[in-house]
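Shared chain: subunit A. Partners: subunit B in the first complex, subunit C in the second.
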Partner chain A sequence: MKDFEMRESGQDKKLRAKVGVYVCECGPNIAGKVDLDKILADLSELDDYQDVELVVKKYGFLCSGPGKEFLEEEIKSNGFTHLVVGACSPRDHDSTFMSICEKTDLNPYLYRIINIREHCTWVIDDKEKATEKAFSYIRGGIARVLRQSELFEKPLDINPDVLVIGGGISGMEAALSLSGEDRRVFLVEKTDRLGGVSIDLSGLLPGQGEVVKKKMESVTEDKNIRLFLNTRVETVIGFLGNFEIELVSKENAETTEIMAGAIVVATGSELFEPANSDNYSYSESDEVYTSISIEKMFSGEGEAKLRSGMKPSSVALIHCVGREEKNYCSGICCSYMMKLAGFFKNQSPDIQVTEFYRDLCLPQKDDQERYNEAEADGVTFIRIKDISTKGTDVSFEKMNGEKGEQSFDMVVLAPAMEPSADTEELADLLTVPLDESGFFQEVHKMTNPVGTSTDGVFIVGTAHGPKGVSDSMQFARASAGQILTRLIPGEKLIPEVKVTEILEAYCTGCGNCLDVCVYGAIYSDDSRGISVVNEAVCRGCGNCFGSCPSGALRTKHFTNTQLYREVDEALR
Partner chain B sequence: MTDTERKGAVLPVAKEPGDTVLDFLRMAMTKEAADAVILPMKVPSGDSYAWILMNDISLLDDAVPIVPTMPVQGAKALRSLTRKGPGNLKVIAVMRPCEIRAAMELSKLGQVHSENLILATYDCPGAVQLQKYVDDPAGGDERFSGMLKKGNPDDSAKSVCHYCENFSIFDSDIHFGYLGLSEKEVLLVPGSGKGTEFLEELGLDLKKDLSSWEKGIEEIRADRVKTRKNSFEETEIQLRDIDGLLSVFANCIGCHNCQSACPICYCRLCYFDSETAEQDPDALITAAEKRGGISLPVDRIMFHTGRMAHMSLSCVSCGQCSDACPVSIPVADVFSYVADQTQNTFEYIAGLNDGDPLPLRQFRKAELPGVHELVKDADAEVPSHE
Partner chain C sequence: MPQTGNILVIGAGIAGMKASLMLAGASNKVYLVEKLPIIGGKVIKNEESFPNLECSTCMVAPIQQDVLQNPNIETLTYSVVEKIEGSAGDFSVVIRKKARYVSLTDCIGCGMCYEPCPVSLKNEWEENLIDRKAIYVPCSGSLPNVPVIDSEHCLKLLGKEECNLCVESCAFEAINLDDSDEVMEIKVGAVILATGSATIDLSTLPNLGYGTLPGVYAPMEFERLFASNGPTLGEIVLRGSEKIPESIAVIHCAGRKEKKYCSAVCCMYSFKFARFLKHKIPSAHVFNIYSDICVPGKSYQSFYKSVDGADTEMLYTSSIEDVKVSENESGLKVAYPDAAGAMEELNVDMVILAAALVPGDDAAPLAEVAGVDLDSRGFIATVLDGSGSMETSRRGVFVAGTAEGPKDIQNSVIQAESAAGQVMGIVTSGVSGS
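For the complex of A and B:
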């Protein structure tokens, strides 16, 4: 890349700036709604006032193949110092035009896209007004681009290894998907065994136990997976590509320091304790079980028996235990409660099975079939809006307000899944926020459910929220996919360029910025009494910039001077 | 804020409350419970006071702990001592409640490190306006001693003192109480764990019932609350609209004295003095063209509103800004009025909510629903147009 030191900020008058201004017609989208020739003529007259040389042109579709070639050729042949493109939203084509700049000598940060489509032509019917506004915007853009500075990417070496926290089904799946010749995985499990909750839940799902056991074997045998049992994560510092982690053994308090490029959080979930709700009261001697304890009974002894050794002749399956308290649906309980109903019916076809539910949630592809089977088997489904139990006596209120009471030989509760006990502590350690239900917060529910606000930290399995084994494994693979494509052994990582810097002479260490930084990119240098930004972690969101009363923070490419001048000119 | 369970100690009464405070400090220094004290001392010319950090006990003879006027806000003295860290020595500072409250705000902003400080306050009857005191120190002394007797400010005092509700606080480490008492005595009241420990170390018996003093203070406070309401109503009328605001600050000469005197304004360089605030001549000419004319230097009003935005949540209404204004703008009345509203919004009282983080630095769950709506809107898929 050519050295542009003379042109920085466009403030050097010895070298006269030459700004290319290209307006995209976007077919009829822009050209049809404004007087483009008037805009071009007015813009051409700005050169004296701005003390720059301007080249102003229009083109049909700048984002098309020929359009891109045209723009590239124009930049090269004119030797522009700056470029302004009047076109669409930067969300559509900012990166397109930046890549064109990269093919030339023009630093992409000396270019600016001005959105005259969404902001002008699509929202203003009056052609004259749209023309005036588009012109003002572009004029602002010229003023801004002249105050922009060249920015350069600073590639960083990366560590391709991965830390996986949690040895349940999703942690194991992530570890197995990631481990390889050139990538080690550190798998940390707080208990003394792999498998997590999926082992406890294996009785009900034919084949699941085998799957889990196979995974456990593969993990143990994989020489690229280093397993730490009875171990917790003590400290984490760093960022995508470069995390320093300290692990502590729960057995002998020995610490191990490891380096990894990414962290997969697979810490799972726990079950809501029914005793914490006023609605369910029972003692140990009552024939009341949770989904897990009844599963253990089925998988251990092959059948469900009362404490007397007799088989129950009636059983109540109560869904949604804790749903009101937690305010979310756990999504998997309906499915396994129906499976459980089948087990009871198999055991004794005459058994009276009653399922109490608030809403039925049947998202998996064979759930509906299972429901149909249960109905055919004579299972009673009662939709309730309120329920309470005392031992095996159930009082309920149906949706229509009708109240009922019934006694059963056995009651099985399906408690909600809730975040593991260590979730908050770990969230603090990783600077990842929690959602309203206390699970780890994803970047976006639909577009990136495994990513977190801390780049390089991924959440999988039920640490993300209630889900079944199959979804947990999908999440694990999704996180592995992101890591495999971003941390390629031997390649470098390019961190965000538009980061925030602290002007040390202005900073007096009040710590406002530190408190509002969601990425943990700012730390306090106590010896100097000032704040310091770790540019590799900063994502340039600008929170800190807004919180600093003295203007000691400056987000590159969004400086006050750049923004003020753009606004001043646009409103001129 | 009042805690009926609270108990204090009774100090042997000297001539004036200030002498009692000095006797206590001498005792604390002699028992080596503190390494140094920060107290006001009269300047050689006799017309003002300066904060002196002293560890020579004989210097206490010339100190005036309960001082008639406020030249430099005490929090600024504490900041200059502890900005770079708490240090290793124990220091007692005796200051007005508004000074200690400012110091508490500064400690949340990393500007004061109070770990090794014992912050002491006293019942403050008000402070004589600085200019009035400098013009006539003897008259000022007389006025102040009258205020001490009455427990209320007179017309020589700063305007904010007349409606100050926090002239007697429980939030410092120790507090000297004497206003509103029928008998001539000085009570020593611990306000923090650190204060209690400190007093117990000195062997003081903390058994004195405080109810009659608290009652006296409440009576004085009731008057102040009334005055406060009236003053805010007047200010509100003055600030009724943008023209009102402009006219209040119309004769501002842009000296920024208010900001220099403000204990909360902690920036090394005020944003409004920085390069970023300097504007492009073309932009200014354009603005002048549009409005027919603009006042220069620019941003005189913006400076005040900007300062309000930056510091009003921490404003302790100490009135230093008004004292520092050479053109008699009622800066403190305006800022106090604005601070009252911003602090009420966040249920925060500057300098009194010791454990609470600064409102703009914390995110309360109760604030979430509104934000969630915003996020939902932003999440709505944007149709893509190629």
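For the complex of A and C:
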């Protein structure tokens, strides 16, 4: 371990370490609550470090303009090898003091801030105890900083191009938002046409049906979008800024290799199969339809007819098909069922339309209006506790326990949206986890819904979860925003500096670390029988650190030696 | 780094902050204007946010720090936008930076100035559940952690008394009572409106007793009551008494009928409240009175299922608008029609109303200044081109978050990033320029 310490401390470079220890008075906030002169005197007398020269000083406000100039000058004139600042929370001023180091020859990772304000003077009333604690903290900080190493940013060249998987409305919107003179988009679609599911939807707002067609035209005309129809993604290797991708044509098995800096997954969703629920039994000849087939009729011929060619004179619209089985609410079905009710009423004003629903879920601000219109149009709403169908015969139980049976000319089911069949396969390929519902999992539900744990891979549209056309397109533009911000043509990417490293000599290749790494940053080098960290992908979270049985893993700037020495000295 | 465009973002809640960070990341200069003296918006009022009950402060504080430390973002707190003239790519904006009386650069946030101030007022940020001084920060953990002087109540500024106590208490000479408003003019290529929303004035719903019965709470009041950094340090005690409630009814859809829309987030936070209550007061009986469960999306229903029965008894009413709250000897009486329409009664200590989200008071004046249309409900309208565009009726002006309509954090963030993505489309396509 001795060798490690020497190598880590950087002392092999300089014979004698010279540590600057600067304590900020923070006006009365620190100076008024501790005996600062005693702390300075005690620090100066530390004789633990025989090879180390300590320069100990205090200053009024180190974060002020003059304070920063003072510190910069002190570092330069003293030629410090390390710096400790006893001041406030690193959240306030860690970056301030790191920037000062950057103006000098001192590597900013050979500096450490010690929080003696929030951790000592603001929480301890007894001056003597506060003094003792502040001293211990700083003593620990000196011990730690001596074991810190220089770290350097390693800027990476990036490829600004983007692979978009899926040519539905989300994929097209992402592609169109991203393509430009200095950024190509590879748009890969597994079928032989663009448009996805949205091509079959009957528009609700004026012009909405046109949106899909317009987007299809724009994509086809865009010379910066290279379209691959009938194509699947075969392999993906790499990380944000540098992915190598192999595409395979489904027609002739021809492969194309492309490079891209980011990947947008827009592979859409499918509908729950009603036959998989015990509640709905029907055969192919029955007049039972899923909502999407009715959408298709209205968007195609403009009419929804029975197999006989007649228009139905009664229709049952059944909500929440598969909601219980999937254990989530798809969020858009109530709204589109009311839209369909309106279409039926429009088609035959005397038609009897009955909506069987469990809860009205109307989360968009216009949704309730749609419900009010449907009610005004004479649509019957029945809130049910339970429902089952046999062909077009509907048996139901209302909330008050009352049971009923009714026969209709036509039954329309609103099935839950569920993950596409190829989701799992693609998730494996991209090393993106799936969530409890089987959709791609976002990196953070609230603050980063389009990002994934594999940086550079984004999920949009219904591949992320059930949602409507507008929301899907918003997700697409959000992913475009993230890529436009992160991958700027001509600029380099600066990966995390405080990453994990593997000491080859100690690694047994057990692979524990591979399992716990959520970023896919560790891979196994089978020829050498060890694990290897891809520093461009690692974020230094430390998960792997705890999983290593042989002590081969070390997170830079957060090593065992650094931590133990700091704690030892602070508690001594 | 070259500046490719200047952008104005109004409102420093989660939507405004996320949009600003994204735009700043692409080397755009962002002016982030916030009317309050602090940034963070509504999310930081929640102790925990649904669906995974994550600590809101832990989630938002790093975003706040990123905003304040980003060299491309100029955060203008306690400021209002007074004029937006010109057209997309070339807007002239007038911003009034209100006198704060405390220097953002000299103050270190020690808080020594609050104690000596002789003025005591209700703290609006804490839903009036606690007092504040005339010199104050709205909440613990305020960012920036620099107080402001309430010029409408400071004795010295009103000319009532020669009080100088805060100035004397400040070791940093950070307080300047001669401070005055500053008006600045800037040029921007695009504007994002992210000014958030409010909740319906519950006193306009007399059946529910808010404002007359002290045991009836607005949702944000309960959020603060539960918050460990709130007025009671997280202890749930009833207003006016020190009593811990033993039975609580959460009434859904307060104001839905009046507003004619569903606010989309109330079911989820009502279930969250049930979880909170049960967690803090294990013996409590919690009831949710509802007519429809709105839990859209892939992860909300499972949270509802985990609460249903375990943390709360779900009581269905066939008519949520006919629920009545009144007083009785033991506390509060909630009357509601059951599934068959028969009136049921429930005695409880506390009632929390899941109030409709409505446009903030400043939505209409802002729309006027920004020259954009409002929708029929008073939220800022988008162009409705069928693609979910965040552009408003005025080209180059975008909206994001609950300023556009009720929504959860996830959708607010998506709209913010989507609007920023659209703005970058304009900026990089050369409509704007530095």
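Methods note: the second predicted complex is superposed on the first by the 425 of 572 C-alpha atoms of A that agree within 3 Å, B and C clash if a C-alpha of one lies under 4 Å from a C-alpha of the other, contacts with A are read in each partner's own complex, and residues count from 1 in each chain.
By our rule, a contact is a pair of C-beta atoms (placed from the backbone, for glycine too) under 8 Å apart; a residue touches a chain by one contact, two chains touch by 3 or more.
If you're wondering where the values come from, they're calculated on a predicted model, not measured in any experiment.
When the two complexes are overlaid on their common chain A, residue A:Gln364 makes contact with subunit C while staying clear of subunit B. In the superposition on chain A, A:Ser550 contacts subunit B only, with no contact to subunit C. By the touch criterion stated above, A:Cys329 is placed in contact with subunit C alone, subunit B being left untouched.
By the touch criterion defined above, A:Cys510 lies against subunit B but remains apart from subunit C after alignment on the C-alpha atoms of chain A. In the overlay built on the shared chain, the residue A:Asn560 is in contact with subunit B alone; subunit C does not reach it.
Looking at the shared chain after the overlay, A:Arg572 reaches subunit B, while subunit C stays out of its contact range.
After overlaying the two complexes on the shared chain, residue contacts for A:Gln474 are found with subunit C alone; subunit B is out of touch. When the two structures are aligned on the shared chain, A:Arg91 is found in touch with subunit B and with subunit C. Touch counts on subunit A: comparing subunit C and subunit B, the chain ahead is C. Residues 29, 63, 88, 91, 436 of subunit A lie in contact with subunit B in one complex and with subunit C in the other.
Listing the residues of subunit B that touch subunit A in their complex gives 83-85, 109-111, 266-271, 274, 276, 279-280, 282-283, 286, 310-311, 357-358, 360-362, 368, 379, 382, 384-386. Here subunit A touches subunit C in the complex through residues 26-29, 61, 63, 88, 91, 95, 173, 177, 180, 203, 205, 207-211, 215, 323, 327-332, 359-369, 372, 398-401, 435-437, 439, 445-450, 464-467, 469-475, 477-482, 484-486, 488, going by the rule given at the top.
Contact residues on subunit A toward subunit B in their complex (touch as defined above): 29, 49, 63, 88, 91-92, 117, 436, 444, 505-512, 515-516, 524, 526, 529, 547, 549-552, 559-561, 564-565, 568-569, 572. Subunit C makes touch with subunit A in their complex at residues 14, 18, 22-23, 25-27, 49, 51-52, 54, 59, 61, 63, 65, 69, 108, 110, 112, 171-172, 256, 260-262, 264, 292-302, 305, 316, 318, 338-341, 375, 377, 379, 384-388, 390, 405-411, 413-415, 417-418, 420-422, 424-425, 428-429.
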